[in-house]
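Per-chain residue numbering starts at 1, and chain names A, B, C, D and E are given in the order in which the chains are listed.
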Amino acid sequence: MTATSTFFDRHRTVLLAAGALALLTAPFVAYPIFLMKLMCFALLAASLNLMVGYVGLLSFGHAMFFGSAGYATAHAVKVWGFDPALGVLFGAAVAAAIGATTGVLAIRRAGIAFSMITLACAQLVYFIALRSPFTGGEDGIQNVPRGKLLGLLSLQDNLTLYYVVMVAVVAAFWLIWRVVHSPFGQVLTAIRDNEPRAISLGYRVNRYKLLAFTLSAALAGLAGGMKSIVFQIATLTDVSWVTSGEALLMGIVGGLQTMLGPVVGAMVVVTMANQLSAFAEAVMIVQGTVFVLVVMLFRRGIVGEINAFLARRARLGQTPEAAAVPPRTPRAGAVHD
Amino acid sequence: QISDDVVRIGLMGDLSGPYSGNGGPGSVLAAKMAIEDFGGKVNGKPVELLTMDDQNKPDVGLNAARKWLEADKVDAIVGGSASSIALGVQTLMKEKQKPYLIAGTVTSDLTGKACSPMAFQFLVDTYSLPKAGVQTLIDKGIKTFFFVTVDYAFGAALQTEATRFIEQAGGKVVGSVKHPLGTTDFSSYLLQAQSSGAKAIVILNAGLDLSNSLKQAAEFRITKGGQSVSVFGMTINSVAAMGLETAQGLNITVPFYWDRDDASRAWSKRFMERNNGVVPTYIMAGVYSAVTHYLKGVQAAGSDAGPAVVEKMKATPVNDFMSKDVKIREDGQVMRPVYPVEVKSPAQSKGKNDFYTVGAAIPAEKVFRPLSEGGCDFVKK
Amino acid sequence: MTNPAHATDCILRTEGLSKEFLGFHAVKDVSLNIRRHTIHALIGPNGAGKTTCFNLLTTFIPASAGRIYYNGRDITKSDPASVAIGGMVRSFQISAVFGQMSVLDNVRVALQRKAGGTFAFWRSARVLERHTGRARELLAAVNLEPYADLCAADLSYGRKRALELATTLALEPELILLDEPIAGLGHEDIGPVTRLIAQVARDRTVLMVEHNMKVVAELCDRITVLQAGEVLAEGSYDEVSNDARVREAYVGGAHA
Amino acid sequence: MPDTLFGFPLAAIAGQVLVGMINGSLYALMSLGLAIIFGLLRVVNFAHGAQYMLGAFVAWGLLEYLGLNYWWALVLAPLVVGLSGVALERTLLRRLYHIDHVYALLLTFGFALILEGVFRYKFGATGQPYPNPIAGGLDTPMAFFPWYRLWVIAASMGMCILTWFVIERTKLGSYLRAATENPNLVRTFGVRVPRMLMLTYGLGVALAGFSGVMAAPIYQVNPLMGSQLIIVVFAVVVIGGMGSIVGAIVAGFGLGVLEGITKLVYPDGAGMVVFVVMLIVLAVRPQGLFGSLR
Amino acid sequence: MPEQNVPCLEVRGLTGFYGETQALHGIDFVVQPGEAVCLLGRNGAGKTTTLRAVVGLLAKRRGHIAIDGRPTQGMAPEDIARLGVAYCPEERGIFASLDVEENLLLPPVLMPGGMTLEEIYTLFPNLKLRRKSPGTRLSGGEQQMLAIARILRTGAKLLLLDEPTEGLAPVIIEKIGEAIGILRQRGFTILMVEQNFRFASGVGDRFYVIEEGRVAEHFDRQTLATDHARIEALLGV
């Protein structure tokens, strides 16, 4: 296989252990709510990455899943008294349903048209959220209770909640990893590469795309639902196109088509927004500059560039014949960690 | 005993959005001046100012406030945020027992239904603004009204109160239209208002929206059929933004005008020197007043523990360049007088910032909601 | 399968197949009979409608008129994926490979379709390993074995064509539609690929479009000549190549 | 003559149509620029809103600092904005043509953020007034039509027709269309593709600057004016057909009027109507009203 | 007019890379004015890459390339084209957004002496028939004709043709052969890549066999006649 995957394979246990340790100790170093926010956005970005990176369809409306799941969860928990876990699952289900519905319309188109349809759907969802009585308009749904997980474990404490969210997010990432590395993921890659050829081999491509879109929506919904429990509020921001754009920014900064990319991207973007939060114009200027820099200089994103660097280095270290292997490695093998 | 040896004041508001001209960076400057004027220290401990742009988004504001209280050990928050944010922050502050100094948020629920023993309303609210405004119009013999309202808790509250006052006075609201925050094109709404035939077209929004709507009202000669355009609450930056040509003749009520007396002038001059010559709005002045009064409270209490400071603050009358022995009511309302002003015409104006003709002070009791009507739960009946 | 004659004799049959593009008749009233276990060639001058015919047969584009029967079943209103699943698989005239995937994966993705379980997003991709052996065999058959781990996009043009052929064969279709399989191949590859086609055709049926008359002569049992969308002639190579009209319209003087 | 139609006062309807036309003019001008840039460069120019804002600010700056009036601004501001576009294209954008178009989109998005951020930092968000260059208006019994607004409609229409002519009726157009598909091949024909693309981007951006000058006297000149407009304008371009010049113009005016009427009939739906139309159009005719399928 | 002894195209020690992979390992050949030279070789040998290097489409190229004696090192494709070079790519490069006639008229005329639209339509009647159809709606073979026809108009003196007969019916191949004859009479120089040896041997004056990015063999038409057997064996025909 490729040089980079050997690097990751060699250090797999070490890397996984380091990651686990970091996740477990993080809340003692940083403010847990900030970490939870980061995880929710990382999951959102990862769900979007599933569409952009692996299906090749640039969704510009992922906020509609993220935000509406937030509302659904908040409403279910606050008004109907759902258990928080059930509430989050309900939110993800609502997002999946919206995903399946909009997906039917959107996946028939590719390229910019797909992006624009998802944007239009997202704008509609936004206006519905703005106008519906249950969403609280500009005020949002405030004071969402965190409740007790499965009626047992109180989530009032930030630390407890952190570990619960962490487990859920890690599970979701594992699922994404699994999807990408499954027979289904392989078909998605083929469709992205050459759709007519995939059809001619007998793949009913729209079904695969729809399933991928729905999965992606459900995962974005999971992130949105958890966010509303963590922050105890569901608002318009999470359904607005700015959030869709930020999710995309995270993916790009971290690196599309990589597993860790969205995580790193979320870390960069969320931290940046936090550090500069006192002045929105500074956030804009810095975010804009990051966009420009990434696009001009690190097109593969942070993780992508590191991967490429490791690959280059590994190749140089090999025998001359091996080094002569073309640099462009097949995509299916270029996904790591 | 000052917790962790610093008094931390968080200032939150729209620092960059459509309302940032009303308070925004100017409020930050005012807060800084207040701390400097106080000597930068209280009871020998340094005073630190944190600022936060809530971007008019409840989640941004609330998360920031939560983080301030939980992680950054902030002792008090000065807030000029939109109502939806302020209401959430108020709940949070009540829970955490920290003083919340409101200067710039206008919903009257803050001292009413949603009142909190930890909160102070340093300026005017959605009761006092329309109260004065409607009275002026009714006095002119106007009976029919049409509202162009920003679709936001602030607009809704203003409209509800105003409608009540109009109906109490025997007037009639013939229609209203809501517009989203940050609309640029108001002509559609204004034309609807015009064709409703209402004698007074009342624009209930603020900041950028307000300047845009008034400008366009002038452009379309909305008043050519004998209708009038009025606003209830306006900060002076909007007048500067739309120009006297457009704004002339508007009647509003304000708790502060920079050129009203020597004390105001002296402070404002100092302020303008550090603010590119831009005049302070009443919100900025209010922030100064709030911060100063808070620091006095901390000094008197000898501690930054919320309840103790609040007790001292309520017991001491407010005194600064804009307030003279002003009492603070039980529900947190600072009972300052307000001033009716009329915007000058370009011909009347003598200088760059000479905007208003100021009328005689109206005592607080005449404009603020009586304690009994507020429905505040902790107020002893 | 109501009519046993169709099942044993004709695998694909069309009746009056036509296609019109905004008033331009690309294919006009074409009736084809493709017999099972034969190699059938569709030849004709450029723009005669051969590729359009392929597109119609695989329902990539809808017919304006006429019917298509595959194994006796009317598939005129079917969709391309179903047609492929039914066992009729095509290759493209302008080469079509999955450029971002390795050469090996290109073949495996086809094998996988045949094997099923492609919606299994919860399973590990390791289940694909079981196709590796077969995939390498197929690659060896088209001389691509040494390039199995390259990215398909980096292959030269001719090798892409060979890869496409291997992918098509991976599905073990009953009926293969090959659009100019030889075009772009080097001479040294023409022989092996021709033999490969002959070999795979032994237990299936091939319908191919080809301009290389040598290959057509060598491989094909039956030839249909199209011109301006219509059938001009049909018969064995000798019959067709001696037809004066065909010579004039297609073969030209040099090949007489 | 009845003074109502379907229960709405005629005066109000006439007023809304006029107002719709004005918004439509801006939509048309903006989406025209976007359509040119997209149609010819395949770049979704997210900076278009910021460049529109820049046009308005340049006009304001010319007046404030140099005392040059509106008519000067009308010529100079598009020039300045166009040149800034040329600079952006030369230094950054051109390096992205050969890769996925999403990168160009992201670059312009980032550029828009920077531009807006800087102007917000410098001038605040409240906005600057710009005087109306043509005071007064046409006083009809139905409504009062300000001269300036009528001028905006006329000038935009003129500009739209002029641009359409240049792109569709000259050889330049076919070079540009070919160059977007396969720039390298067109270069081997001896066409100076890089320079051509640069000028195209400059032209599209100059149109945004021109719209900005047109808008300055109507709205406040403020750093956020572009970002409020841009999403709707994208929808307009999609409805008209991405890259279709006629489509951009027709959809621009059409949707402006439709939106104006919606504000009267169902004010709550005004923000939504464009997107509803967009969904319907895309479902029925994915290439947009005037677009062509590739 | 170039001097008699200056070659129309001279390539010396040309190396070329795709990213980090080397595709050309030092190619040398010359094309004299008025000649038809043919590059032969297996798939992946580097023939296309050589042509792309000549027209400046291969960014990473080293070595000496001169057109009419002018080195083109570092020149942009459009400037190389203006020296009088036209290229017909293997994958045809027909523009979908232009109709057939627009495709034909697209390349600007670089020099006098090219074919007129009339002449082109007489040569390829199919194109005339479909002239208002979008370019990529043509059949594969028609697209090939269009791609060749397109550069005949420009008057470029050096024509680079990459597999011009691929996918064409025998009759049309004959026509292309005729066209090449006409062009040569008019003083055009032709460098082409061809898999169809039969066709190539009919039109070419000299032949280079490329193998793994190097020139492995070079012969001319005379040799072809005298040493037929050896060459057929070499090429595996």
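Note that contacts are C-beta pairs under 8 Å (C-beta built on N, C-alpha and C of every residue); 3 or more make two chains touch, one makes a residue touch a chain.
By chain, UniProt protein names: A, D = Branched-chain amino acid ABC transporter permease; C, E = ABC transporter ATP-binding protein.
On a predicted model such as this, the values are computed, not experimentally measured, just so you know.
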item	value
Chain C to chain D, fewest steps along touching chains	2
Both-way neighbours, i.e. chains that touch chain B and touch chain A	D
Selected pair, greater C-beta contact count between D-E and C-E	C-E
Farthest chain (mean CA position) relative to chain A	E
Computed distance of Cα centres, chain D from chain A, in Å	33
CA centroid of chain B to CA centroid of chain C, Å	77
Euclidean distance of C-alpha centroids - chain A vs chain E, Å	49
Averaged-CA centre spacing for the pair chain C and chain A, given as whole angstrom	41
Touching two or more other chains - residue numbers and ranges from chain C	154
Touching two or more other chains - residues of chain B	16-17, 180
Junction residues of chain E, two or more chains touched	18, 21
Of chain C, residues touching chain E in the complex	21, 24, 43-52, 93-94, 154-159, 180, 183-189, 211, 213, 249-255
Footprint of chain C on chain A - complex, ascending	175, 178-179, 181-187, 189-190, 192-194, 196-205, 207-208, 211, 215, 326, 328-333
For the chain E and chain D complex, residues of the former touching the latter	55-57, 76-78, 80-82, 85-87, 89, 93, 95-98, 102-103, 105-108, 110, 151, 154
Footprint of chain B on chain A - complex, ascending	31, 33-34, 37, 130, 137-140, 142-143, 158, 231, 233, 235-238, 277-281
Partner chain E, residues of chain D touching it in the complex	174-175, 177-178, 180-182, 184-194, 292, 294
